[in-house]
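In the two complexes that follow, subunit A is the common piece, with subunit B as its partner first and subunit C second.
Up next, the complex of A and B:
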């Protein structure tokens, strides 16, 4: 009898533990972008990305503040905010999507999994469907997700004056690096 | 004629120097900057959650000194520090990022301590985000 009670308790405990670990989140995820041209390299980093991943459904959400991108040069940051992404008007960028090959990932088992993420990226007030390759690493109950993909400023109606067009790459490389922790319910 | 060339040359040199200085203009130094606002962490979060547009108007790009209780201090692998201030809310707070150069000032702070953090306000996601932070003594 004691054993049955114990087993039931264990089951209940396990069930809640599993349920609580369906969702992983971070508020200090890193997103950086890199523009490389023969004239100039431009790099910016943001370390305060909020993101949630639901391991049950494969759903992914990212949100980032444009003004929190930090550049090496103050002038680049100023131009980025005022002239290009107009962060006063469009303060956030977000991505909402899902892992297309969720069945290939086992969030309960340590390992490295290749994924494809599909969804919508909203930037500068424009929403576009994007698809990006990524890697998910599960280790000791924490989930790391990384991805690198390209976006073009023109796709998001970001106008770049001809004078500086040669200094900004046609394809901007975006790098995403998230260390998720289990969301305790 | 000689004088004309000299003047043109001088003007060109000055323009080049100004251009160079402007291009290399330093970032605003939060440590020495005067705070535009002094506010308690829960009040700041509340202002943002209640009316984001108004709070953006008021705080964006401003140097804000936020007073609050430290919820967590987490260094990243590059030597920067993320400090979260408690704002009477389980889900949200005020996240302050310290660049490597100023990380020292945050490194000695413990969870639960009351501090004032000064940084540039960049808006709200779930939490209010401040960048280029320093701890005010």
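Up next, the complex of A and C:
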């Protein structure tokens, strides 16, 4: 009996340890966006994105604090928070999805892998299915994930008045750059 | 003993399975660290209407202000309800950093040059650091360059100077509502008559209510404590709208004060709202980013 208990415990511990190595996380992920029109360029950076990636299932999640986006102009930052994304009401954007071609990636082997990520992006209280190409670079046990894709403010019910319509691009370029570390259980 | 082991085993398994059943990957990271969040955009600009709001311009930002007060509405259609006359102030504000701001301007009324320093002592915040109010301190100096009324007597340069010291204590109660109190002292080196006090103490109150994302209504009132000013002086009352268009903020308002600088509207207001001595006016504010903050 003693042996069974001991073995089970060992198994549980071992399993947890293995499970832990499958997951990678970051709290300092970078997300930036860029809007370019002939009138004005708008650029903002966020360096406090949290994300977890499960290499076993290919699942990944992001949480982005909207107020943490920094702009070159203070007034842009104010307009972004007050008028567009309404960060008082919707403080966070999030993404929950998975790597569609997980079998192409070997997280245990150094290398550069092209991936496609599919999932749901929630922004300004609106959830939409998105698909984006990405690159995963595995090097010395650290995982870097990068992606660039476009989103349209209108898709997320972000109303832009006619007066400034010409200053904000119809398609906003979003750049994601994450350095993941192993998540220790 | 055996029972205990079974319980332990069961507990381990439970913990183990619950760990697996977790869908939400982010919750694996545990509780988020709290950050300090400062209240922003309590007012649309650094001025409520005539007087200062608790807002500063951000560090590295310059704000060009052009303000007008037209004549009095009760001057009738002949003067197009005051629009034929105008008094103007052109000013610049600059944020040395997010808490310290300097500014200056020139008013046509009494040909006054003004300069001020405004510092935010306390900033309303929530989260890690909690501060229920914002507190700013404002000090201004004003130089009247209008010709002496009595050039024949000996006039001193110092007689042209006036000063204002003000505390601005306020709170943004919600996304749309802000209230502030402004205890103020105005010092005038030269006063017109012996019944005028050199130091005038006032209590100001101002409020903002956002009506839509881009339009807000503001009210501002300055109450001078009794027996400091001649009987014909009125307390300054102003009501206005802030309209934000993207790069500009237009402030349209009605006020019984002609002057747009502190000693002026606080101690020299003679307009009576009840009689229609009301000026229509506007402030236009345009910001320029001079020094860009480091983002990347």
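Following the convention adopted for this analysis, the second predicted complex is superposed on the first by the 166 of 185 C-alpha atoms of A that agree within 3 Å, B and C clash if a C-alpha of one lies under 4 Å from a C-alpha of the other, contacts with A are read in each partner's own complex, and residues count from 1 in each chain.
Heads up, the rule we're going with is that a residue touches a chain if its C-beta (ideal position, glycine included) is under 8 Å from a C-beta of that chain, and two chains touch if they have at least 3 such contacts.
Only a predicted model underlies this, so the values are computations on that prediction, with no experimental measurement involved.
A.B. asks: Overlay done on subunit A, so just call it for subunit B and subunit C: clash or fit.
C.D. replies: Verdict on subunit A: clash between subunit B and subunit C.
A.B. asks: Contacts for A:129 in the overlay, against subunit B (first) and subunit C (second): which applies, first, second, both or neither?
C.D. replies: neither
A.B. asks: For A:70, using the defined touch cut-off, is the partner it touches subunit B, subunit C, both, or neither? Pick first, second, both or neither.
C.D. replies: A:70: touches subunit B and subunit C.
A.B. asks: Report for A:50: first if it touches subunit B alone, second if subunit C alone, otherwise both or neither.
C.D. replies: Once the two structures are laid over each other on A, A:50 reaches both partners.
A.B. asks: When the two structures are overlaid on chain A, which partner does A:92 contact: first (subunit B), second (subunit C), both, or neither?
C.D. replies: first
A.B. asks: Would you check which partner chain A:28 touches, where first means subunit B only, second means subunit C only, and both and neither mean what they say?
C.D. replies: After superposing on A, A:28 lies in contact with subunit B but is clear of subunit C.
A.B. asks: Examine A:60 and indicate which partner it touches, taking first as subunit B and second as subunit C; both and neither are also allowed.
C.D. replies: second
A.B. asks: State whether subunit B or subunit C is in contact with more residues of subunit A in the superposed arrangement.
C.D. replies: Of subunit B and subunit C, the partner in contact with more residues of subunit A is C.
A.B. asks: Quick one: is A:79 in contact with subunit B, with subunit C, with both, or with neither? Answer first, second, both or neither.
C.D. replies: After superposing on A, A:79 lies in contact with subunit C but is clear of subunit B.
A.B. asks: So which bit of subunit C gets in the way of subunit B here: 58-66, 76-84, 220-228 or 256-264?
C.D. replies: The superposed arrangement places subunit C into subunit B at 58-66.
A.B. asks: Jot down the residues of subunit A that show up as touching in both complexes, subunit B in one and subunit C in the other.
C.D. replies: After superposing on chain A, subunit A residues 27, 50, 63, 65, 67, 70, 73-75, 88 contact both subunit B and subunit C.
A.B. asks: Applying the document's contact rule, which stretches of subunit A touch subunit C when the two form their complex?
C.D. replies: Its residues touching subunit C are 1-2, 5, 8-9, 12, 15-16, 19, 23, 25, 27, 32, 43-45, 50-54, 59-61, 63, 65, 67, 70-75, 78-79, 81-83, 88-89, 161, 163-164, 167, 183.
A.B. asks: So in the complex, which bits of subunit A are touching subunit B?
C.D. replies: For this pair, the touching residues of subunit A are 27-28, 30, 47-48, 50, 63-65, 67-68, 70, 73-75, 77, 88, 91-92.
A.B. asks: In their complex, what parts of subunit B are in touch with subunit A?
C.D. replies: Those residues of subunit B that touch subunit A are 22-28, 56, 60-61, 74, 76, 80, 82, 84, 95, 97, 99, 122-127, 129, 131-132.
A.B. asks: Hey, which residues of subunit C end up touching subunit A in the complex?
C.D. replies: So the residues of subunit C in touch with subunit A come to 2, 5, 8-9, 12-13, 16, 19-20, 24-26, 28-29, 32, 35, 37, 40-41, 57-61, 175, 213-214, 245-247, 287, 289, 292-293, 295-296.
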